[in-house]
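Residue numbering begins at 1 within each chain, and the chains themselves are lettered A, B and C in the order written.
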Amino acid sequence: MQKMMEKRALELLGDGTVNRVLGWSAGDFIYDVTPAVFKTAEEVQDKFLYNDFCGANLSKYLVKESRKEGKILVFLKPCDTYSFNQLIAEHRIIRENIYAIGVECFGKADEEKLRAKGITGITGIEMKDGTYTVHTVYGDETVKAYEVMADRCLSCKSKKHVAYDELLGSEGEVVEDCNRFDMVEKLEAMTPDERYEFWRGELSRCIRCNACRNICPACTCEQCVFDNPNSGVSQKAAVNSFEENMFHIIRAFHVAGRCTDCGECSRVCPQHIPLHLLNRKFIKDVNTFYGEYQAGENPEAKPPLGKYEKNDIEPGEAGGAKA
Amino acid sequence: MQDVKEFRPKIVAFCCNWCSYAGADLAGSARLSYPADVKIIRVPCSCRVNPMFILRAFQRGADGVIMAGCHPGDCHYTSGNYFARRRMTLLFSMLDYLGIERERTRVEWISAAEGAKFSKTMNEFVDTITALGENKRLEDLRCKK
Amino acid sequence: MQRIGVFICHCGTNIAATVDVKAVAEALSHEPGVVFSTDYQYMCSESGQTLMREAIREHKLTGVVVCSCSPRMHEATFRKAAEKEGLNPYMVEIANIREQVSWIHKDMKEATEKAVILGRAAIAKVHLNKPLKAGESPVTKRALVIGGGIAGIQTALDIAEAGFEVDIVEKEPTIGGKMAQIDKTFPTLDCAAYILTPKMVDVAQNEKIKIFSYSEVEAVKGFVGNFKVSIRKKARYVIEDKCTGCGLCTEKCPQKKVPNPFNMNLDTRRAIYIPFAQAVPKVAAIDADYCTMLKTGKCGVCSKICAAGAIDYQQKDEIVEREYGAIVAATGFNPLKPDKYNEYGYSTCPDVVTSLELERLMNAAGPTAGTLLRPSDKTHPHTLVFVQCVGSRCDAENEKGKPYCSKICCMYTAKHAMLIREKYPDTEVYVFYIDVRTPGKNFDEFYRRAVEQYGVHYIKGQVGKVVEENGKLKVQASDLLSGEQLHIDADMVVLATAVEPDKSARGIATMLTASMDTNDFFTEAHAKLRPVESPTAGIFLSGVCQGPKDIPETVSQASAAAAKVIGLLAKDKLTCNPCVANSDEMLCNGCSSCEKVCPYGAITYSDKEFRGPNRTTLIRRVASVNEAVCQGCGACTVACPSGAMDLKGFSNRQIMAEVDAICKM
């Protein structure tokens, strides 16, 4: 796959279709992949990488990149295409300046899960028939993919690309039974006291590093309200213990109806707070109360908070604990 | 002698200028009493109520927040309360999901003619919040003791 | 830092009896920014306003907080006073310590504390207030009157008289409304038709008035001075401009068995009809539910005999778009249908009729040509029983009726009783009442004439039951004064049914965004001081749609509404509400979230150049608000995730400052 992508990148750079390539490059380690913009064929040949650690969603980088001179090539996994579409719907990226190549994805590996299995010193990874072969400095290891796959990929909602100019590899399908709301339902089934304990345990670890916000493809504000001294809510040094709760609730509310459930927030959280469970609650509520809605699926669709029905459910009737 | 201080809740009521605020005025002129714990903030429409205001109230120590607007279909601006209804439905469901008592937040549709309903609603809400006691959960979510 | 003056109003004893106004003034004087704090007997009085103006001048105030009655009462008063002293009116805020404090709390300590907190919240808000300047919007110099009864007619005539264009939208094929169905009017006993039809003709002949008959309002957009209304002209299958109103078709139409609602369905008419002889416009209409041609395609008699060629079976509903500066609701009423009152036998006995049915039975143009006959056997009735308050003055729990007094029934029943006794001296007339209410010029004299001169038997008491037996109506009733049970064998029973707002009013109120009370009467802006205006700017109320009224009251209110409309239309420009949304371009993402929730389409987007880092320029899509169109609801401000969209006068920070002040105790 990497070879095919590299080849197309070089061709498109060569014939002048694009003048930059947005992809992934290796960091200090092979599993430590970072998004990168390549400007020359040499850079692509040197540093371009696509493997089963390339989880980062590249669409958000287009907010800035698509406003620059010339066209940019971007590689998008199926889940990234939803964010891509959503950003188009919100006029945040300029479609004409982008050449999008969809790339197939069977789920990305979680390095921490590998490490938990004792697999370290990783130098490479390959997947075949649901099994990862991991190359390490200590030799090759094989492991069942689902045992070390990122949680968000285990409940992948769609392997189908919803937007691209060109597709590499096979086109997947929307996964109807992805069970992504299992954990939300589990929480809903708890008593309020249990839920409160659960979230107190999780949110109390927040260090307000803002990683979740900075990575989120729905959080593309020119200036976040929490960074704006004029908004009246910006103080980062916690005035009281409520500050972080407010941040997470408001952030989830701001992306409600816009979040595509890409799961980047939880991936980057250094404290491993399952932040996606907040967003998924909103998604689930929207689906239950206002009909199925998948942000980014159709850039023409009206967002659930931008429309209404005369007989919408009343706030008093919408107790979350009830199934 | 035991030192028992009676709990008096802090309650913020966001009221639409065109209906509930006028309903509160009507409750006033009809001398339909409700506890002094309720303090009203006038907004032009229920759709002006930002979830941030509600969280802010809790952050600053409110024990209950109620939003009152025009009956669905009767919005002075035709559609404001419909949007407000969706927003509050989602927000309240989220607060519930975080384990915050569902009863601390409430939405009520009260027209300018419903002074009696205004008074009744506020009396009920104060009773509910008084029974729930001080709002600790929202403030304490972070600090595991 | 603002220099704020605080004024605590005693409102006589209204506030001062429950709130320690001196203590409030003292407590608020220590708030940051407060340089002057005082209390006064009546802030709204001339001397109270002078006090405020002097303080603004002497203390160089930049902001004012008045702790007084509801801002809905005197906010405008205090803002005007401040403006006269050169202070921007939007630097004045009101803390409502009357309706929200003194009138509902009894304990002085508690009330005083709350007044201080509300004062603090207002002070906190004023700190963030900015001077606002109102924009202007043009006025479309035409009015719409919804409903063509006597209320709508009078309003339209008065507006036209002042030189402005008026459209009347009437859902029936003719204007005239309920008054056209009435026989004679109290207390003068002149014919309704004699006084109404000249007015109808005036309407038809007035160049400034356009009648949309058999039409309904479909949609209303816009705001005061600039309404855009869609009117549905329902297909009447007759070309209005061609029909001469000769009425030949209504005589020749072979479909004769159509109930005639103008005569309360007591007789029949044809499928093509003109509601009554004096109809305006005098144009026929085809009742599609009964017309053989429209139902089966076979007939066409009317088309064949119409010399004017006015019949058009293919006619479709037509939507007309019109613009208006003001809209008057004159949607009127209907008598309550007493079919839920089984005890009075209305549904089962044909000789139990409603008062409006009796009007038709006594009218020369009615089904009996003015001779009072029993509907069942067309015989002359000798004993008549009138039942008052059918569906009026009911308990709130009683779902059958209305809690209010319908106001007109006592008088029209006296009229009916009197007319019957005069025309048929051989009759006995009984009236069962709860109270007889006759407040009005010459009303009580009129009622006393019925009792004293015409010998009508007024009995305080209620009718319990009416049953038909051998052609007689057995009336069981109680006489509350003597405590006796009465049994009367009556020939006819007349029910004085409650008036209720027309069913269409609710939908119209929704379109107009005008508020209604729980009985579906339109709410007035102020019960005493602004009785003909709706709280929604540019919407006015005429006639019974606002509450039960008799004809003289309806006409006065109709003229009052017209005066208000004329006052509005006479202006070339209206001052807009300056509390409108505003987008901070530096923060705007151009995401279109705000646009989707704007009910007025006030938000547009454009690409603008901004300075980027390192001397680059960036082009970004940003929102801007058309301030003349924005009405200031604030829906966009919450839809905006970046906080770029804010509402002047109710900004995020202002509201949060109020929240903080209230929660900080």
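Here is the rule we go by: a residue touches a chain if its C-beta (ideal position, glycine included) is under 8 Å from a C-beta of that chain, and two chains touch if they have at least 3 such contacts.
Since the model is a prediction, treat every value here as computed from it, not as a measurement.
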If you tally C-beta contacts across A-C and across A-B, the winner is A-B
If chain centres are mean C-alpha positions, then the most distant from chain C is chain A
Expressed in whole Å, how far the mean CA point of chain B lies from that of chain C is 30
Chain centres from averaged Cα atoms put chain A and chain C apart, in whole Å, by 54
Per the C-alpha means, the centres of chain A and chain B lie apart by a whole-Å value of 36
Two or more other chains are touched by the chain B residues 51-52, 56, 73, 79, 83, 87
By the touch definition above, chain A meets two or more other chains at residues 225, 233, 305
Each of the following residues of chain C touches two or more other chains, namely 597, 639, 652, 656
Seen from chain B, its contact residues with chain C in the complex are 10, 12, 17-19, 21-22, 24-25, 27-29, 31-34, 36, 39-45, 47-53, 56-57, 60-62, 70, 73-80, 83-84, 87, 111-114, 119
Seen from chain B, its contact residues with chain A in the complex are 51-52, 55-56, 58-59, 72-73, 79, 82-83, 85-102, 105-107, 137-144
Chain A residues touching chain B in their complex are 184, 187-188, 192-201, 203-204, 206, 225, 233, 238, 240-246, 249-250, 252-253, 256, 278, 281-282, 285-286, 289-290, 304-305, 308-310, 312-316, 318-321
In their shared complex, chain B is touched by residues of chain C numbered 70-73, 96, 98-101, 103-107, 110-111, 113-114, 117-118, 121, 509-510, 513, 515-518, 523, 535-536, 579, 597, 599, 631-635, 637-639, 647, 650, 652, 655-656, 658-660, 662-665
In the complex, chain C touches chain A at residues 586-593, 596-597, 605, 618-621, 639, 641-644, 652-653, 656-657
